[in-house]
Amino acid sequence: MAGSTLGIIYRITTWGESHGPGLGVVVDGCPAGLPLETNDIQSYLNRRKPGQSRMTTPRKEADAVEILSGVFEGQTTGAPISLLIRNTSQRSGDYSEIAACYRPGHADYTFDQKYGFRDYRGGGRSSGRETIGRVAAGAIAAKALSEFGIQLTAYTKSIGPVSIDPTAFDRKAILETPTSMPDREASARAEKYLEDCMRNYDSSGGVIECVIDGVPAGLGDPVFEKLDANLAKAIMSIGAVKAVEIGDGVEVSARRGSENNDAFRVENGRITKATNHAGGILGGISDGSPILLCAYIKPTPSIFSPQNTVNRDGEEISISIKGRHDPVIVPRAVVVVESMAAITILDALLVNAGAKMDHLKAIYKN
Amino acid sequence: MAGSTLGIIYRITTWGESHGPGLGVVVDGCPAGLPLETNDIQSYLNRRKPGQSRMTTPRKEADAVEILSGVFEGQTTGAPISLLIRNTSQRSGDYSEIAACYRPGHADYTFDQKYGFRDYRGGGRSSGRETIGRVAAGAIAAKALSEFGIQLTAYTKSIGPVSIDPTAFDRKAILETPTSMPDREASARAEKYLEDCMRNYDSSGGVIECVIDGVPAGLGDPVFEKLDANLAKAIMSIGAVKAVEIGDGVEVSARRGSENNDAFRVENGRITKATNHAGGILGGISDGSPILLCAYIKPTPSIFSPQNTVNRDGEEISISIKGRHDPVIVPRAVVVVESMAAITILDALLVNAGAKMDHLKAIYKN
Amino acid sequence: MAGSTLGIIYRITTWGESHGPGLGVVVDGCPAGLPLETNDIQSYLNRRKPGQSRMTTPRKEADAVEILSGVFEGQTTGAPISLLIRNTSQRSGDYSEIAACYRPGHADYTFDQKYGFRDYRGGGRSSGRETIGRVAAGAIAAKALSEFGIQLTAYTKSIGPVSIDPTAFDRKAILETPTSMPDREASARAEKYLEDCMRNYDSSGGVIECVIDGVPAGLGDPVFEKLDANLAKAIMSIGAVKAVEIGDGVEVSARRGSENNDAFRVENGRITKATNHAGGILGGISDGSPILLCAYIKPTPSIFSPQNTVNRDGEEISISIKGRHDPVIVPRAVVVVESMAAITILDALLVNAGAKMDHLKAIYKN
Amino acid sequence: MAGSTLGIIYRITTWGESHGPGLGVVVDGCPAGLPLETNDIQSYLNRRKPGQSRMTTPRKEADAVEILSGVFEGQTTGAPISLLIRNTSQRSGDYSEIAACYRPGHADYTFDQKYGFRDYRGGGRSSGRETIGRVAAGAIAAKALSEFGIQLTAYTKSIGPVSIDPTAFDRKAILETPTSMPDREASARAEKYLEDCMRNYDSSGGVIECVIDGVPAGLGDPVFEKLDANLAKAIMSIGAVKAVEIGDGVEVSARRGSENNDAFRVENGRITKATNHAGGILGGISDGSPILLCAYIKPTPSIFSPQNTVNRDGEEISISIKGRHDPVIVPRAVVVVESMAAITILDALLVNAGAKMDHLKAIYKN
């Protein structure tokens, strides 16, 4: 199994390699009757497109999406939506070095161990371009969620040592800074830091946060299909993510119960919580507060600095990786995190439709 | 969907509530021909049994497991293994307070929102006792993995502010300290800290680490079924876990690539890594190094201190939770983390059996 | 994989062997709020219980069901419903002959080939008793369906050469004749035929029909999860079934289109069909007419007559099967067919809840 | 859910409508290292292409397949294989009549009921062209199976009243007759019959048989994932199929056990069966004999003769269906049946790789 399908009802299947003819996704199980046009998807894809600043690879890709099925007269039909994005910038370059050696921090060695050989051109299936299908499917999920008043906002929380100031949150800056930070001042400092990394032939890690507003209480299931468990899987399945946290996450381990419990209270006649350390999920089920999650992202493993490694013949060598690489993965991964979260929430919403007799009776009136 | 099934080939289905007749699990897809007896499972269950120290609830449960199917003449048959653990200590106590109010940090409110009502006795399906089925299934998985030289070791890494000293690692101490810490000195300090929590009618969070040795390179799939993604889901699906990290996890976000990449090298004729920041997984596939993961656990939400909350009638009230509760979830959750990791690794091992033509030709010789 | 789980949202997992401690099923995904008591399930199990006439094995089993979880205060909670039926009549008899040889028409040889050995006592996992879990889960599904006005009726259509007269359909006779035929006259003839079979140390096959009334139009999906495809799988997965047909099934292959098409018409303001050759399903989706299906069942393979076969050492031998066996599987399989159909229809009903935006908006009002 | 994904390890996802930009399939889980080129797939697709005789629709489609991913240097890589077939012959014709009315025997009415509206152009997702993705995925499965000595042969067994003579079986005739019958004489008679149907503005049903040689004993699981259950689902999920039988299927219901049981015997040192009434499957598991299955196919519902039906406004009308339609579905569906069988058998082979400890030890040697 290559494990390219995710979801129970809203089920996505991605495919494609960095240097093959193209990449894409089949979105099955999207409810019928959702207004959808190409630009709903293209605008999401544009957010992860390379070449938009000095902080991203200069590789130019149009990443233009074509809807091949599942949409008719401006609405989803309930049939699978197949989306195709052609690769246009595959350099015919020389991959013999990558083919022959195992780049540190990459999946070259593990692919060879698993499959016996690999498509070594630009990382093949483990390239960052694999996320194109995720973002295309995420755009549709986000569109569907918006019909229920659910809104996702992901952004860069930190790059290397530079973190945003949450009290100075500026939503517009997310799309306007090259770092995707909602804080222009922090963004400027992060850019400086990244320039220093590049000068030193190095790269940087960072953190992405995602806030999901408007999720009704009751989504997610109590045991293995907990909403946070599925978010953790969805986010950890993004290439460079090494940790996932929900709400206050890591910090809760050092706390006392009296500090960490969120008191319930009543506000305008609705039950809500005085604080949201839990990040909107209790017992695996959404509690009506905003869902908060963070993804911790490793530094781009492709660096110009010489590194020790081993080639396919089992000889120790030194390599220095050439080519077009982002000095930090984070800004372009922001929309990927948002997409994976959207896909997960929509699936939970659909699965939950059959949770109780009352739901079903609202649908199947006799 | 209640989402009580996990896994593709090694597929477990748990069931049961805290105060119903019992709890259990059906383990489907265990390979035939594995030697298995009751005690292989009972010894795991005993590790999570309550009442073993002052640090755990004084509730006494025998937690004796009965094998109802799938084992014949001392071996697994390939048929589903059904395991039953009867509840024996359900106090007939008064649950009217819990029934009527929403305890902070618990799933009371979210269950009511999802299902319209709930089995409120002792937390029902969201009780910590739900993990019994996981541990029983994990015991079988660990036994199967041991046949391939794969060994799991989980332990308490920290409780509140008290962390172990990794340079003083003492494996035997895991089973011998009440904290499950592999460091007797740190354990003694953690016990003091917990006593202070209890005196203040409070509770503590903590961190569990799990090391998995002997995993062959090549397990896990490159996209959504990444080994780390499935570990993240499995671990995050445990009740009180709020963050999961693989390898250096959270810390990598502040690093540079040159610090974080693990150089490959050759040792005794085998390819290995000079460091293991990646925690044994590259591109979602095991790389042959030990797999390292951490689970961040929130403080027990049930505390004696008075807390503000809301009742089912939507009135703000103050409650003080009585009953038998652990001041920290961590020590008894150690074997749960180990179990969920074992289940995930075994499933990956089974799924991987069909990964390449060479594997299949080793099985289906003509 | 032992493949003991079925369904997407209403998901059942059966377990147990003929001569182990018991058998059972875990029903996950049953909507919360369904009134359910033990007798709802027991009454279904009683319909497949042995020892009720000369036409069934004289083996006596109480087949008393215990609800272990998922029901609270007389309603399903949304949590998995675990059901246990203890075996009480396992003779300690001598199985050495069955253990050593491959009975014709049984799964002895294939189990040994698949798993390397087998639980040979009474057929083990491939015993007819395996259907107990199906019937228990089917009883719950049928109860849920009845809340939406959906009603299932299965019965014996033929035994050997004796078929019912559909124009003399007598619903009450299904539960009152030993053959489960809805035609007392045909039943009497079938009994005579079976007595002749028994006298000749032989057995008979037969056909079961199932009619499902009240299914709303729109259930089932258009490609692989077609309603008829899932019914075919569910029914063919019953031990002795060798063919499944929907509507006029086999006969349509010899027809012309003008004979086979069902004309739509309007009756009392509702769209309906003038005929129902299609058996209530068009393009994999229910059309609002009754769903009709037939299961063709092979003769009981266990017969007293001597048969040629091979033992585990690969030697040709002759055997004559002793023990307690039904001369025909059909009457006791009627409730199994009904159960598998109910499970399939309920799952389709739950999955369909997320099919279109209108459904979702009926549930998630803002 | 649109239910467009099938399989556990070898998992296919089809998409596309008759009159959209194209159709295709994503094949995930194909083992790495299988030699594969475009022509392996194209040759299968050519077998279902329209316009090859008077017996098929004159619509001309190139049905040229493009491999978009998952193949590198002539071998499968283990990554998903995405296949695209562009539609080239969508007439811009007038679909207003189909859009407004419910054609008898078609899915028009049920799609509208399920989704609220439908892509009415040429049947949309329920067009026969939907099978293109199945055949493309089946071609790959058949190629993989051939590496293990497994060979599939499907053919037309009957058309209307004309059946082949099994004693005159002529394998070459399958690809050379316009009916796909392995009997040239019967084929000539069937052609005459079809001409008569066409003259009368009518259509015909028929039967397809599939023989699968070389399947090792042990494939399939004992309960819900029985090999015959999965074959039944796979075959019944093909548009016009109304019944599926395994081995002697329907006929066994009228037999006695002594007639129907297949005696085991030893031939050339191997255990085999004297007869094969069971069609190669016992207890849901392959027994090493050829697997035999039949699909009963309804007459093409699109006929020129006037038919009574209802329009979307609920008015009774008469229609006469124009356009390009096959007078019989069977010959072009032969390769679809073969493909679905291949997909099912390969998935069973992959799932079975983890069935017993011995298999796993052959792969994971330490």
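Labels A, B, C and D are assigned to the chains in the order they are written; within every chain, residues are numbered from 1.
By definition in this document, a contact is a pair of C-beta atoms (placed from the backbone, for glycine too) under 8 Å apart; a residue touches a chain by one contact, two chains touch by 3 or more.
Since this is a predicted model, take the numbers as computed values, not measurements.
By number of C-beta pairs in contact, C-D leads when A-D and C-D are compared.
Of all chains, the one whose CA centroid is most distant from that of chain B is D.
Averaged C-alpha coordinates give centres for chain A and chain C that are 44 Å from one another. Distance between chain A and chain D, defined via averaged C-alpha coordinates, is recorded as 38 Å.
Separating the CA-averaged centres of chain C and chain D is a span of 26 Å.
Multi-chain contact residues, meaning those touching two or more other chains, occur in chain B at positions 1-5, 8-9, 14, 29, 32-33, 78-79, 114-116, 125, 222, 350-351, 354-356, 358.
Residues 8-9, 29, 31-34, 78-79, 144, 147-149, 216, 222, 349-351, 353-364, 366 of chain C touch chain A in their complex. Across the complex, chain C meets chain D through its residues 1-6, 8, 14, 102, 104-107, 109-111, 113-116, 125-126, 130, 158, 160-161, 197, 200-207, 216-226, 228-237, 239, 242-250, 252-266, 269, 271, 274, 278-279, 281-288, 296-303, 305, 307-310, 314-316, 351-352, 354-356, 358. Interface residues of chain D, counted against chain A in their complex, comprise 1-5, 9, 11, 13-17, 20-24, 26, 28-30, 32-33, 66-70, 72-73, 75, 77-82, 84, 114-119, 124-125.
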